[in-house]
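These are the structures, in structure tokens.
Note that chain A is present in both complexes that follow, paired respectively with chain B and with chain C.
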Partner chain A sequence: MRNKVLEIKNLKIRYVTDDGIVEAVNGIDMLIEKGRTLGLVGETGAGKTTTAMSILRLIPDPPGEIISGDIILDNIKLLEISENEMETIRGRLVSMIFQDPMTALNPSICVGEQISEAISIHQDVTKEGAKEKAREMLEIVGIPGSRMEEYPHQFSGGMKQRVIIAIALSCSPKLLIADEPTTALDVTIQAQVLELMKELKEKLEMSMLMITHDLGVVAEVCDDVAIMYAGRIVEQGNLEEIFKYTKHPYTEGLFNSIPNIDDRKAELIPIRGLMSDPYNLPDGCSFCDRCDYALDICQTEKPKKIYFSGTHFSECHLYSGNSDFQLNCGKK
Partner chain B sequence: MYHFLIKFIAVIKYEQIGGTVLKYIIRRLLLLLPVMLGVIFLVFFIISLTPGNVASMILGDGATDERIVELREEMGLNDPLIIQYGRYMGSLLRGDMGVSYADGRSVAGEIGQRFPNTFKLTITAIILSVLISIPIGVISATKQYSIFDNLGMILALIGISMPSFWIGLILIIAFSLNLGWFPSGGMSGVMSLILPAFTLAIASTASITRTTRSSMLEVIRQDYINTAKAKGVSKNKVITKHALRNALIPAITVIGLEFGVLLGGAVLTETVFSWPGIGRLMVQSIQRKDTPMVLGCIIVFTLSFSIVNLLIDILYAYLDPRIKENYK
Partner chain C sequence: MSEFLLEVKNLKKYFDTPKGKLHAVDDVSFSIKEGKTLGLVGESGCGKSTAGRVILRLLEATNGEIFYKGKNIRELKKNKMRELRKEMQIIFQDPFSSLDPRMTVSEIIEEPIKLNKIINDKEKRFERVLELMDLVGLSRRLMNTYPHELDGGRRQRIGIARALSLDTKFIVCDEPVSALDVSIQAQILNLMKELQQKLGLTYIFITHDLSVVNHFSDDIAVMYLGKLIEKAPAEELFSNPIHPYTKALLSAIPRPTLDRKVDKIILKGEITSPINPKDNCRFANRCNYVQDICKQTEPEFKEISPGHFSACHVFSDHLSGEFE
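Our next item is the complex of A and B:
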């Protein structure tokens, strides 16, 4: 058995609001091994960020609450330790890169200080030592050390994201969570930032949880892929299994929504409809209202995991009787 | 006053906040001139509209009509207003604020004697309100909708709603007349400062608390607060180091504006507590139609308010590097 860095078991999270209860995460399992990158893919509102924030235990409570489940990071059960212990874990064992670099840096503190702060919290170094290390980190992400004293507003978006990466990696965490790290950047910068993250991940032997809705990013950096829909992981497998042997209709829908570079005039096939109301999830499969393959049973019964290989599974009734069922790529 | 200013500029230079800020200060001070001209113009004409005859007031009840006419002529009160205004501005530019109509004392001398008292009172009040309001605002925001928060906000609402002269009277009844802890008026040491400063501070405390709370609430929802938490920064440090500094900027704006409110409030509070400051001096001078004295007080009020707000704008630059860039 390879080294487990993160294991999530049957995690359920909900938000209790005045308008009702939002079931954001409905029993997911996740496993990330040492040095591997898991891509968590899904549309807005699928529960990706909630899952990520729960690993840092930063879900605002109220309204958020973790109802059940286990989050085990480096053999520590995160849901059972105190807040003080959690503070020693954040930034040291796990750190996070947020979606929007424009707002993720404190505007009134210079970037050097923002990096060295993390170092001096977790490492036994003097102020000077932390500063020196921060300068090194800045140079690793490709920013001259002379810009230590500058403030976030003096950097461009891509540069800011590099600073954020420097902060996140300053204590060489075992797990890096990246929440759509390139969504807010323009395309040319996206590639640079992804390349940098990939390179540093290998250098520091980290594992990574890459949250994204961009399957291109997944193909670029991930080893494994989990497709999330309405708080469930509906399909999971390694890169090849997901891309080549797509099983779940939702995953297929995602692929059909990507422009085809070989045939630029080809029309996109969007997934019809909207995600089901998170205040009131259906009894059966959450996707069945949007699914072209839906069976009668999909309306009434939640599908169970069906394994196609040791790593590849899908939660879909189509395969319950017939595991050889083939999706037809949206063509009717 | 100027002595302080020069010292302050020297400090800024020493701190290397830079020539840009210095230039900014000079520009702002120059802008003060038209403001002062406008204020003096307005007040001069408003006073001239108030009823009453200065000459007969000076001469007293027994004066003959001829003597009154004679004195009016002597004082130039029969000249057109615009000439009187020109005459006043002329001597003001030479640094002469004139003499009091009521008792012939020099306006500058009288104000110089009384201004420190008002300064003492307003500064104590502002320090008092900052010391109370910032912590309450921060705690209210971090524990939003808790009992502490609700209680704090109700008290703040009451504080804003109560007129300061009324609070002053109530405090005098409670703490001077009934309990006898503090003197009911006059200026005699620290004990006599407490009631008027507290009276003056209540309304500003309330509004600074509310501003601090709301800007803090906004700041703690920002992404960079999550970044700080994700780094492992402890809960308290997230608030004091990452949130407070950014939340203080709106709060400081209000502190500057409240300083003006405090000066206005000083007029009432000084009267209620017989505090020998320029607020009370101004009220007395208005009643006596003592134009030079009223104008002198107004000039000092306007100057102090403008200078405080200038200091606050400089403080912004210290708190927020983005604002500093704009001062170039």
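Our next item is the complex of A and C:
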């Protein structure tokens, strides 16, 4: 039997605002097994961060509401437990790394103390023990323990992100959620941080949910990929299935929008238009207004999941009744 | 008259800080031909944005010369410079903070035309605004909307329309697509390329994103801590990088492909402080090939093969850039 670390079933989240209801997450399923990394890819406003926050139960309510669904982490149904119980889970079983290392740390507390705080909350250790563990963590992420007493402003962006990783991993969580962990960093520093994360993930046998918009990062660190659009996962599969046997027109559009570094003459084929208004999602497929392959049925009916293998599915009408349909890679 | 639209010679910009002189741009020279794009790449803090601003005299250079159409613009008086600004424009990175939130789209695009007294007739001016909106692909119905009602891609289109509203020949594009989603980024890049062909524009394209710069530029210049360390035609730079920093930078780009051909070079350490730098190779403490000489003298920025310049003690004599 495979070891499920995180399972999400039919999760629906909306934000009720004065201007109307934003349907942020519209029925997604997700499964992360032990030791695997799932990449959650999509544009701004696709619902990636909302999904991640719901796993930590940190959706601000109001305006956020989890309407339905189940989130099961390590056999615990997170949506059914009390807030007190949830507090013992956050940071211990699941922790999160945020995009912006500049604002995620407290500027007036030295980094050593910020790391040991998480440790003393969740583990039965003395103050000294927590400090010792914090020093260890700092060294694991490649910062000399002698810098324990320094404050965040004394560290560069890449170093701050390392400190945050040290905090997130200090209680050896089963699941690490990383929300665009390297977006704010320079490429050479990004390479260092990604390398570190891959290494630590293996060492600590963690699972990871990696939120990103960068398919290059996905290719480097993820085992599985979920492509999110307007609150739905429109395509999911393992790395090879998504990169080599792309099924959903949106996934194809994403690949065509990225400049190809090995072929500078290659033309960029943007996805036309903009993401549909989350206040007012269309009845049919949310992507159909921007899709070059759209059929009549796409306007009126929501597409269902169609499986191409045990792991690879896509929500697209093009394949209903014709699972051999081939996208033409944007060539018109 | 020289064959270059813009020539920059020994440009320096130092800032005074409590800790000493910050060498933001240190002895940088390059040139661009009319209708071409120079990509200026480097990591945060390397001085690329400062260089862009100094060229437009939005910041005054500490030293050096900037020739635009053969004229040294550093010697121009304020009113003459103002005249020249009609030809030299800038597009900023952040389409959220670079537009006045209290002006409508048409007012924002109209402002430079009005201020510079290009078209004085109100109706004709309005026609020009509509023309510009068509040119950058902004629907005319958005004329009376405010920036906060629009998404990043549309706002960046306003920034472009504004930059084009005068008699523009030359644009410094400072990370114009970094704040945008990939699908929108591709739309804006295509638009900028199209406009360049249509209007014969010359660009300096400042970015940290190497795949974008490769797609977009004719020549690429790489900066590190205020210094230009390598410059070559885009294809040459990507196929045959010489400087160890360029190599590491190229290898570090996450590539959206499963058949990765390049091995990653992970650099140690981070960029050092640009305040009071020593007279040695500024990359020496992170370099995997560092020799004694690198820690003693500064390498010269010299031509290694036609059009390909680099500043490195170790690799300058190795034409192929190979080193064991």
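Definition applied: the second predicted complex is superposed on the first by the 332 of 332 C-alpha atoms of A that agree within 3 Å, B and C clash if a C-alpha of one lies under 4 Å from a C-alpha of the other, contacts with A are read in each partner's own complex, and residues count from 1 in each chain.
Everything that follows uses one rule, which is that contacts are C-beta pairs under 8 Å (C-beta built on N, C-alpha and C of every residue); 3 or more make two chains touch, one makes a residue touch a chain.
Keep in mind that this is a model prediction, so the values were computed, not measured.
Q: Both complexes share chain A, so when I overlay them there, do chain B and chain C fit or clash?
A: Superposition result for chain B and chain C: fit.
Q: Compare chain B and chain C by how many residues of chain A each one touches, and report the one with more.
A: C
Q: Could you look at A:107 and tell me whether it touches chain B, chain C, both or neither (first, second, both, neither)?
A: After superposition on chain A, A:107 lies in contact with chain B alone.
Q: Counting only touches as set out at the top, which of chain B and chain C does A:218 meet: first, second, both, neither?
A: Only chain C; A:218 stays clear of chain B.
Q: Give one of first, second, both or neither to describe whether A:43 is in contact with chain B, with chain C, with both, or with none.
A: In the superposition, A:43 contacts chain C only.
Q: Could you say whether A:268 touches chain B, chain C, both of them, or neither, answering first, second, both or neither?
A: second
Q: Between chain B (first) and chain C (second), which does A:258 come into contact with in this model arrangement: first, second, both, or neither?
A: In the superposed model, A:258 contacts chain C only, not chain B.
Q: Taking the superposition as given, does A:191 touch the first partner, chain B, the second, chain C, both, or neither?
A: It touches chain C, and chain B stays clear.
Q: Between chain B (first) and chain C (second), which does A:156 come into contact with in this model arrangement: first, second, both, or neither?
A: After superposing on A, A:156 lies in contact with chain C but is clear of chain B.
Q: Once the two structures sit on chain A together, report how near the CA atoms of chain B get to those of chain C, whole Å.
A: Nearest C-alpha pair, chain B versus chain C: 10 Å apart.
Q: Which residues of chain C touch chain A once you look at their complex with the stated criterion?
A: Touching chain A from chain C are residues 43-44, 151-153, 181-187, 189-190, 208, 210-212, 214-216, 234-235, 238, 248-249, 251-258, 260-261, 264, 266-267, 270-271.
Q: Tell me, which parts of chain B touch chain A in their complex?
A: 222-224, 226-235, 241-242, 245-246, 319-322, 325
Q: Which bits of chain A are touching chain B when the two form their complex?
A: 56, 58, 83-84, 87-92, 95-96, 98, 100, 103-110, 117-118, 121-122, 151, 153, 164, 167-168
Q: Under the definition above, what is the set of chain A residues touching chain C in their complex?
A: Residues 43-44, 156-159, 186-192, 194-195, 213-220, 239-240, 243-244, 253-262, 264, 266, 268-272, 274 of chain A touch chain C in their complex.
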